[in-house]
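Note that the chains are named A, B, C and D in the order they appear, and that numbering of residues resets to 1 at the start of each chain.
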Amino acid sequence: MNRLRIGIVGAGRIGNVHAESITYHIPEAEVAMVTDVMVDSARKLAERFGVPKYSSDYMDIIRDPEIDAVLVCSPTPTHADITIAALKAGKHVFCEKPVHTSLEKIREVAKVAEETGKKLQIGFNRRFDHNHKAVQKLVQNGSLGRIELIKITSRDPEPPSPEYAASSGGLYIDMMIHDFDMAMFLAGSDVTEVYAMGTSLVDPRIGEAGDVDTAIVTLVFENGALGVIDNSRRAAYGYDQRVEAFGSLGMAADENDGDSTVKLSTAAGVVGEKPQFFFLERYMASFTEEMKQFIQAIREDKEVPVGIHAGYMSVVLAKAAKKSLDEHRPVKISEII
Amino acid sequence: MNRLRIGIVGAGRIGNVHAESITYHIPEAEVAMVTDVMVDSARKLAERFGVPKYSSDYMDIIRDPEIDAVLVCSPTPTHADITIAALKAGKHVFCEKPVHTSLEKIREVAKVAEETGKKLQIGFNRRFDHNHKAVQKLVQNGSLGRIELIKITSRDPEPPSPEYAASSGGLYIDMMIHDFDMAMFLAGSDVTEVYAMGTSLVDPRIGEAGDVDTAIVTLVFENGALGVIDNSRRAAYGYDQRVEAFGSLGMAADENDGDSTVKLSTAAGVVGEKPQFFFLERYMASFTEEMKQFIQAIREDKEVPVGIHAGYMSVVLAKAAKKSLDEHRPVKISEII
Amino acid sequence: MNRLRIGIVGAGRIGNVHAESITYHIPEAEVAMVTDVMVDSARKLAERFGVPKYSSDYMDIIRDPEIDAVLVCSPTPTHADITIAALKAGKHVFCEKPVHTSLEKIREVAKVAEETGKKLQIGFNRRFDHNHKAVQKLVQNGSLGRIELIKITSRDPEPPSPEYAASSGGLYIDMMIHDFDMAMFLAGSDVTEVYAMGTSLVDPRIGEAGDVDTAIVTLVFENGALGVIDNSRRAAYGYDQRVEAFGSLGMAADENDGDSTVKLSTAAGVVGEKPQFFFLERYMASFTEEMKQFIQAIREDKEVPVGIHAGYMSVVLAKAAKKSLDEHRPVKISEII
Amino acid sequence: MNRLRIGIVGAGRIGNVHAESITYHIPEAEVAMVTDVMVDSARKLAERFGVPKYSSDYMDIIRDPEIDAVLVCSPTPTHADITIAALKAGKHVFCEKPVHTSLEKIREVAKVAEETGKKLQIGFNRRFDHNHKAVQKLVQNGSLGRIELIKITSRDPEPPSPEYAASSGGLYIDMMIHDFDMAMFLAGSDVTEVYAMGTSLVDPRIGEAGDVDTAIVTLVFENGALGVIDNSRRAAYGYDQRVEAFGSLGMAADENDGDSTVKLSTAAGVVGEKPQFFFLERYMASFTEEMKQFIQAIREDKEVPVGIHAGYMSVVLAKAAKKSLDEHRPVKISEII
C-alpha cells in the first residue's frame, strides 16, 4: 500500500492540527510538504512532524507531481483560489471553512471541482464529533420520527480581540457558520428563511467595530421544521457546545464533554467538570476523523462526507443572517442565492 | 388565629387544585364556599374537601360578608368581571391566567385593584416551581452577572383537540403565555420586541383551525438581553419544562423532574425516567406555594408576588407574537400597548 | 364512609410526622387521640392538628373503644409492650422500628399479632421511597434477571451526640437497621451471614462510648447473592442515600434527591444541588405513603406491606453484625436466631 | 534529541497497545525491536508499526546494546525472570502486572532493581485514567479531608472461558489485582487486613474450576480508613468502572465513560449510552499516559510513578483475599508477608 502524499498550505493552528492527525493517526497518508508565506511557521511544522519539504510558496505544492492531495489551511480570502489551482493541477482538496465570502467565487470552485472530478471536502469538523454525530444518526435512522425543531447552542469561552472581530467578517460568517452547517446536517434539510438578532453585550468595542457578540438566529427548514441557534463570544464556564433535535417520536440532545466524569460533593454543593476549554480540546478527535474520511474517500473513490454544497449553503445562511440583522426582518434564502 | 375564609369561583380542575392546597396544606385558610355554573361540580368539590357551602352563582361568594378572598377559577372570558366585582365588594382576589384577552379590560381590572387597595394576584404558578425559582434566584442574586440570554423550552405531552385549539385563542395566549411570563421573571426585565414563528406539524387540523402547534418566539428585553422560547403541543417523552439563563458570569439551567432518580443499565442502554407527565404532576407543589404566598400577602399585608402587571404584560406579548406571526415581521411592544 | 380513628402514642418528631400525614393527606382516617408521658408534647400535637383528645397515659388510647388503630411512636423500650396491649385490645398497630432489642420479645409480639388477627405494620418507611421502591420493582419484575449484588450507601449529614450514640444501642441497631431491611427488601431474600467492620473516625468520643461511626457490613443472602452496606454518621454534603441492585441482566441504581435540578455553570465549575438535608426532608413522602398503605390494609383487610418478620430480621441482622464486630469474624444468622 | 529505543517482549494485545502509544503519541521514543515466542506475532507487530527488528527470542533484546528500555508484555510466569535479566543488562524495565505470583520472586525483582539503579515501572494503567486520577488528586490535595471510606466497583462485560478462569490464578489475582492497587492508590495508604467473599453466580463452570466470578472484598487501610471492592465477571451493560472516595470534608466519585453524552428521550424513557465496552476502549488513553510517564522518568531521571512496591502489595492482597475466602475469616496482611 502506497501512502497518500499530502501537501498542507498554511502552517497555522489548523494546519498543525491536520499534520498531527495525519502523522500520528492515519498510517495510510503522510505529509509530504508544507508551505506558509511565513516560512518560519512552515519550517517549524515540518520539524515537528518530520515533514521532508517546506517552502513559502504554495505553488510548490501545486506543482509537485508527487503530491496527491492538498489541505487548504491558509487565510480565508485565499481559500478559493488555492483550491481552484489545486483542483486544476489534478489534486484532491480539503478546504477549510468558509470557502469564500463571495457566493460567486464558491460557485466557481464548485464548477471546477465538478469539471476536474477531483474530491473536494469542506472542513466542517463538528459533523464528525462523537456527540453531535450521534444525534444526527438518531435523526437519520428515524428514531425521532418527523423532525420538528433543531436547537443549537454554541458559545466560545473568550471573546476575540475587537480587531479580530472587525476583520473576521462578523460573527455570523466567522462563528455561526459552523452552527448553520450543523443545523442543516442535523435537520437533514436545507434552510429557506432566517431571522437574525444580534447585539453586543460582551465587549462594547465589538459593537463599535460593527459586529455583534451575542446572537440568536431562527431558521425555517425546507422540510418544514423550525430551528434556533444561539451564539455568544464568551462563556465564563468554557466552550458550550450542545445540540438538540426534536421530532414526533422524541428528542435527542447532547451535553458538553468535561475532562472527567468526577463529581466532588462537599458542603458547598456537588461540583462537576466544566466543559472542555475550547475547540482544540473539545473537537480534536473530530479533526482526526474528518481527515480519516477524506483520505478514505480518495483511496476508495467514494463521495466525500462534506461537499461543496455544505460550504456554499453555510455562507448563504451567514449572508442571509447579516441581511436580516441589518434590515430587521426575516430574509428568505431565495433573496440571497 | 382566625382562618382566612376563601371562596372559589369555578370548580374545574384548577379550582380543585387550589381547594386541595388550602384544605391540606394551608392551616391559616379554609375554603368557605365554592360556586360553579354547573352546580354538580361545585357540590362534588364541596364534598371532597368538606366545604360547607356551594352554589351555582358566584354572586353568592361576592355577597357573603364572611368571605375574605376569592379565587377566580372560572372560564377565561369571565375572569375580569368576576375579579372586578370581588374587588369592589372588598375582597382580595387570586385570578387565574390569562386575566382577559382584551388589554383594555385588564387595565380596568388594574385600576379597580388600585382604587380598592385589595390584593390581586395572578396565577402564574411556574414562578413558584422549585427548579425555575432556583434559576431566577441565581439571576437575582448576581451569580450570573449581567444577563445576556434567556432560553425556555416548554412542550406539552399531548396535543389538545383541534376544537380546543380553535377556541383557546391560539397557542401564544393559551400555552406560551406561561413562558412569556417566565421569560420576564427570569430576565428581571420586560420585553420590548418579539418575533414569532409558528407552524402546524403535530396535527394538521390544528393548522386548519388557524392555530399553530410548533412555535419559536424570540424576545428582546428592555435590559438588552435576548431570549428565545420554543413550544410544542406534543412531546412523546412527556412534559418538557426547562429554562436556561446565561450571563457574563455563567449559566444556570434546570432539567426536568422525573418520578425517580433511578437509572436502569442493561444491554439496551442506560435508561432514566421520563419527565413527569403533565402540569398536575409536575407543578403541583408550585400551585400550593403560590396559594401560600397569596394567603401570606393578605395576612401580613405584603405585596403579592405576582401582580397585575405580569398579567397584563403576558397578554401583551401573546398579542405581539400573534401579530408578528400574521405579519411575518418583528413587532415592537409599543405597537401593542 | 366512616373515617378510621387513629390513636398516636408518643408525640415526638415521628408522632408529629404521622399526624401530619393523616390529617392532611389521608382523608380516610383521622387522629382521634394522642398521648405522651410529657403531656405538654401531646397537647401541642393535638393543637397543631386539631386532635380532639390528648393525655399522658397511652392506656387512654388502648381503652378507648372508638379507636381503631394505634401508632406506637414512643421510645424503643416501650414499643413491644404497647403494641401487645393494643393488639390484645383489638386494635390494629403501626409500630416504629426497632420493635425491641430482645428477639424473644419480638417473637412474643408476633405471636400476639397472629393470635388476635389484627394488622401489625413496622415502620420501615424507606421501602416506600420513590427511588428505592423503583429499584425494588425492577428487581421484582425481573428486569435485572437473577440478583447477584446489592449495595447500599447510607450516610447521615451530622453525627449524633456521643451520649445519644452510647444510649442508642449502637450504629448497627440504631442506624444500619434501616439498611438491613432495605437490603432484604431489594434482594427479595433473607440474609444468612454477615461480616461487620466498624471504626470511629468521625468523633473519637463515639468510639470511647463503645460505638462505631463508620462501618461496612457485608451480607450473604439466602438466594446466593452478596451484599454490602456502608454507613457513616457524617457526610459533609448532606444525607447520602443510594442503593444499587445488580443482576444477570443489568443494574438499577438510584441517586440522591436535591432541592432542585438546577446546575450553575461558572468559572468555578458546574455545581448542582447537594442531597436533601436529612430524613425529614428526604423521606417525608415515604412516611405519608407507608401510613396510607397501613390505613388501606386495614380498610380493605389486606396484608400489611411490612410485617413483623421484617421487624424481627432487621434486629437479628443488627445483633449478628454486633457479634461479628466483637468477635472479628463472619457470623451466621443461625447463630443468632 | 535522541529518541529512547524500546524493546517489547511479547507481541500480544498489550504489546500492540504499547507499540501504538510509542509510535503515534510519544515522539521521544521509538520501538526498536519486538520479540515473541510466536514469531509471527512479532513480525505482524513490527510491520504494523514499522519496527525495524523482530525475533522469537527476548534475549535478542536483552543483548542489544542500543536498546535503552524493555517492556515486559509476555505471559505472567515469565515477567520476573525477563525483568531481572533486562535490569541486569542495564536496561530500564516496564513490567506488566502481576509481576509474579510468588512473593519471594517479586522481592528478588525489587532487589535487582535497587542494585542496578535502573527504572522499574509496573503496569497499573488505571492510575493514569482521567477519571480515577481526578478522584485521587482530590484525595491528595486535601479536598476530601481525612479519608474514611474507599469504594471500587469493577465489573467486566463478559466472563472469560472456564478454562481461562481455571488457569488465570483466580479472580483475585487476575482481575481484582487492579482494584487492590487502585484502592491503595486512592487511599494513599497500604492495607493491613482483608476479608473476602466470593461465589460463582455467572457461570457454574467457573465455580467448578475452583474460582469465583462474583466477589466482594473489604479492606482495612493502615491510615484507619475502610474499603470495599466489588467485582463481577459479567455486566450486561458493559464495562463498569467506578470509584468513590469519602472523607471528613466530602466525597469524590466518578462515573463510567460512554461513547457520547447523547440522551434519547422517547415514550420508552430517557436513554443514555452504556459504558464503553471493555478495557481497550475504556482505558486506551491511560495506557498511553503510563508509557509517556515511564519514558519521561527515564529521560529526566525521575522516580517512576508506579514502582515495585505497588506490584508487590497488589499480589500480597490477592493472596490474602484467597486465604480469607478459603478460611472464611478476615486475614491480616502480616500473615502473608
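Throughout what follows, contacts are C-beta pairs under 8 Å (C-beta built on N, C-alpha and C of every residue); 3 or more make two chains touch, one makes a residue touch a chain.
Treat the numbers as computed from the prediction; the structure is a model and nothing was measured.
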For subunit C superposed on subunit D via Cα atoms, how large is the rotation, as a multiple of 5°? 180
Pair exhibiting more inter-chain C-beta contacts, A-B or B-D: A-B
Per the C-alpha means, the centres of subunit A and subunit B lie apart by a whole-Å value of 42
Chain centre separation in whole Å, for subunit C relative to subunit B (CA means): 39
Provide the C-alpha centroid distance between subunit B and subunit D, rounded to the nearest whole angstrom. 58
Residue numbers in subunit B touching two or more further chains are 235-237, 240, 249-251, 263, 265-267
Interface residues, subunit B side, partner subunit C - complex: 24-25, 130-131, 133-135, 138, 143, 249-257, 259-267
Which of the residues in subunit D come into contact with subunit B in the complex? 235-238, 240, 258, 263, 265-275
Within the complex, which stretch of subunit D touches subunit C? 145-146, 148-149, 151, 153, 155, 195, 197, 199, 201-202, 214-216, 218, 220, 224-228, 230, 232, 234-237, 240, 246, 248-251, 328-330
